[in-house]
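Each of the next two complexes has chain A plus one more chain, namely chain B in the first and chain C in the second.
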Partner chain A sequence: MSDKIDTIHLVETPEGTDLHAEVAGVVPRALAYGVDFLVRLGILFVFGLIVSFTGGKLGGLWLVVFFLLEWGYPVFYEVYRDGQSIGKRAFNLRVVSEDLTPIKFGPSVVRNLLRTADIFPFLYIFGVISMTISARFQRLGDLAAKSLVIYDDNQQYNTTALSDVTPIAPTIPLSEDLQTAFINFALNRGNLSHSRQVEIAEIIQSKIPNQSNDPVGYVRGVGKWLLGAK
Partner chain B sequence: MKQLEFENHYREFWQHMENLLDDKDDIDASLIERFPADYRRLCQHLAVAKSRRYAPGLTNRLNYLVQRGYQKLYGQRVKDQGILVEYFVRGFPAALRRNGRYLWIAGVAFVLPYILMMIACMMNDQMLYSVMDPASVRGMESMYRPGADKFGREDEAATDLFMFGFYIYNNIGIAFRCFATGLFFGVGSLFTLVFNGVVIGGVSGHLTALEYTETFYPFVVGHGSFELTAIVFSGAAGLKLGWALLSPGRLSRLQAMQAAASDAIKIMYGTFIMLTIAALIEAFWSASAVIPNEVKYAVGALLWILVYYYCFFYARPQIRAYIAAHESR
Partner chain C sequence: MNLDNLIIATRVRTGWSAIDLGFVVARQFWLRSLLLYLTIATPVFIACHSYFDTNYWVPYVILWWCKPLFERPILFMLSRELFKQPMGYWRTLSHWRDWLLPGLGWVLTLRRISITRGMYAPVTLLERPSASDYNKRTLVLGNNFASQATWLTVVLYHIESFLVLAVAVLLATLFPNHIEFNFAFFNSLAEHSLVVDYGSLLLVAVVAPFYTAAGFMLYICRRVELEGWDIEICFRDWVANSSSPTEQVSGVAHD
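For the complex of A and B:
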């Protein structure tokens, strides 16, 4: 897998298993940033109202809040809220160290202070360039802090996906790759359109001699059988 | 074993682990003792699922559980209250002293332009206009015109609190950016240092020539020790980043930069504290016209001595030992 271009980041744990995580690219991160930006703007706006209602005496505190939101907001969420700011939570993203452990205070400060370099010259241009050319979508701050932004999905495994299918025994022994193809198609058709599903099922089905008029149902049936259902 | 059989066999165990890891279940002591063993079992299940090429849905779920468990088991939990104290007693001075050569370069990059521009502005009263626009010069002159209630403020009505907020937002922001732009091979930090040296030196010279010395110097002497020193420190931290990229030694440039960043950030924590102190002094002490100048000079001198004593001279042998002990970073 390591030879291919992929968004999967692998880490070997001390137990000898490979953990994998999917690193997040520019677009979801930019969207999450946008949400955080609006949250911060909202806080500043509300605080600004409070300041003006109290006759402007607290204007200095408003600037302190501005400062804390600019530099401290991401650090707080990364260190004390498991790497997820409000925006990142909304997009199922999480900041972690390169070894997939939770990010610590020091690296979190590094990646957020170096944000300045990523913003340079404006609109995160350096950050976007860095994310685009680095193998794991890291902006400059991430490179220095050895941090990653990964997808944090706990996609619930849908056990009812095959409840409407009767298992079908394949007519010939299937190779491992072919078994994987049948099973994966059976379990995960995503939100593909029906005609696209038929197209893919036909390709999978064409690998074995047996032909069926209902390729989708057939491939799913074989998939269910391969999973162990009788 | 077929996948469905495998799943049925362990479903309960996984559900139990998921509740545990997502903090849905209360954790009692017996569970904590069992956790490492349970976690290893989970790892084994993941490895089995992968090698048997079970469907991605299952592998992903197990991967998620293992990842959460891994973070729980190996993540940083220690919230040691002593860390902050250790940082001030040892960590910060040590970080400064082992990076002496960057501090020297940053210091020269700030002080030399400062002195040259100060002399130039004292000899030529038009000189300051080469780096500041006329409106700013006029504003700055009025800030220190003798007879004001509050010095160092264009708007004398601005409250101390407002100015405190402004100094926090503005000065610490400058220091952070001065550090971060060091990533561009040190150019950003160097520019910030030289530029600030030229402007601040120019203002000092200009006001000295105008003989506003009785208002300007008492104002800056109090917080200057913290503020100017901290700007130089942040520049030095940035230069360290830049130098690591220019001359990575036996490491790759990326590795050298990462090592430099993790050390430089230890200077930046202190810089942040110093600038917060500077903002407090500047807003609530320096600007006051009530405090006699003699007091301001005395306190200011004391602070300069304290800052430099703490940063470079205090507890020398202990800090040398501390640096040696942490050299293997």
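For the complex of A and C:
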């Protein structure tokens, strides 16, 4: 399976367990940046209005706010809000370090100061090029800080469609990939037709105990069991 | 169509993840895609230039409008390579009958203005449905990923424009005595500069493989979900890995 093209980043921990996360590429990250940019712009605009209403005496303070928003906003969210700025949260993204642990203050400052490199020569083009050609979609700041942007894995399953299915405990241990396949089959996420469901379920006919004549029912049952119904 | 030969990992993906996968695929076939794109686009561009030699912008408009045409050989090549069918540069060109004409009239007219065209281009080229089937098909494919397909077009269009500007700024930074970057610079584009013309064409061709592959992966990932490819492949591997070789299930999938 490992020779297949994928966007998964694998980490082997010293304990021998494999962690994996899906790295996020140029398009969602650019859009998340766009959201953050608009948020910052909005705050500066509102504050700018206040400054102009008070006769410009707060102009210096406006510059301080500008500075803090430009350099402090991303660092604050990455370190104290679990790697999710407002834009990243909107696109379900999260900044982590390369070993998938939460990013620390130092690396976060590095990756954000190096936005100056990514922004060169114009509108983050170096960052886009770097993200496109590096194996794990890292911009220059990410490469320096050894950080990654991954998709947050908070999958929620809607099990209401399975209310008529009796859970069936599998007789042999199933790998993680197989469990996902059983669950996806049970939830019928792609709205497969009945004949297609039969076709797929019959592939594992030889694996079904008692050679049940309802392979679809069996796979759905196991899927429901795997989802936690006992 | 043999699902076992797929070169991508099949999972149920979000639209964003499908676009990212498209970027990885595009990276693998980037040089070949770029050459294919230029092979078709350059003659068109040259022909427009010699015909409309008084209006410098007309060739650009035609180039932009014909983008779906130039992307077709890339799409055809990817659709074969996706299933490990070798489709090199010359081989793709020699199959021109398969990618040049099918649905070309549609692609350059009504379907050109669709903002989700990257995701639906494979429907026209590979499935070749009738007009009413096309509408049903895109409705089914689009009900999950249409928003991502739209943003793909918007973002890559901006990246392409920014790339052209960025190269201009970079050159102005590196050679400040030769290029002055101001509004007059844009006027000077009107004076037929070969460097500007073919430089822009090259930069458009640099981005195109990513747009084509990302749109194609949106289409493929939606089909994975709709047709249960991920489940089928996983079950088939499970049975094949644990049974004796004589019992192996045939790997040929239906279409």
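Just so it is clear, the second predicted complex is superposed on the first by the 150 of 230 C-alpha atoms of A that agree within 3 Å, B and C clash if a C-alpha of one lies under 4 Å from a C-alpha of the other, contacts with A are read in each partner's own complex, and residues count from 1 in each chain.
As a working rule, contacts are C-beta pairs under 8 Å (C-beta built on N, C-alpha and C of every residue); 3 or more make two chains touch, one makes a residue touch a chain.
Since the structure is predicted, the reported quantities are computational estimates derived from the model, not experimental observations.
> After lining up the shared chain so the two structures overlap, which partner does A:206 touch, if you call chain B first and chain C second: first, second, both or neither?
Touch partner of A:206: chain C, not chain B.
> Have a look at where A:184 lands relative to chain B and chain C in the superposition and call it first, second, both or neither.
both
> Return the chain, chain B or chain C, that is in touch with more residues of chain A.
Between chain B and chain C, the winner on chain A residue contacts is B.
> Figure out whether A:33 sits in contact with chain B (first) or chain C (second), or with both, or with neither.
Neither chain B nor chain C is touched by A:33.
> For A:132, select first, second, both or neither according to whether it touches chain B, chain C, the two together, or no partner.
In the superposition, A:132 contacts chain C only.
> Please work out whether A:47 is in contact with chain B alone, chain C alone, both, or neither, and reply first, second, both or neither.
It touches nothing on chain B or chain C.
> Could you tell me if A:73 is touching chain B, chain C, both of them or neither one (first, second, both, neither)?
Neither chain B nor chain C is touched by A:73.
> After overlaying the two complexes on chain A, where does the chain B footprint on chain A coincide with the chain C footprint?
Shared contact residues on chain A: 180, 184.
> Going by the contact rule at the top, pick out the chain B residues touching chain A in the complex.
Per the touch definition, chain B meets chain A at residues 1-7, 18, 39-40, 43-44, 46-47, 50, 53-58, 60-61, 63-64, 66-67, 70-71, 74-76, 159-166, 168-169, 172-173, 176-177, 179-181, 183-184, 188, 241, 254, 257-258, 261-262, 265-266, 268-269, 283.
> Spell out the residues on chain A that touch chain C in their complex, using ranges where they run on.
Of all residues in chain A, those touching chain C are 1, 4-8, 22-28, 30-31, 91-92, 121-125, 128, 132-133, 137, 151, 177-178, 180-181, 184-185, 189-192, 196-197, 199-200, 203-204, 206-207.
> Name, in rising order, each residue of chain A that touches chain B in their complex.
13-21, 57-64, 66-67, 70-71, 96, 100-102, 104, 106-107, 109-110, 113-117, 120, 140, 143-146, 153-159, 176, 179-180, 183-184, 187-188, 226-229
> Applying the document's contact rule, which stretches of chain C touch chain A when the two form their complex?
Chain C reaches chain A through residues 6-9, 11-12, 14, 16-17, 19-21, 23-25, 27-28, 148, 151-152, 155-156, 159, 162-163, 165-166, 169-170, 173, 210, 214, 224-228, 230-232, 234-239, 242-243, 247, 249, 254.
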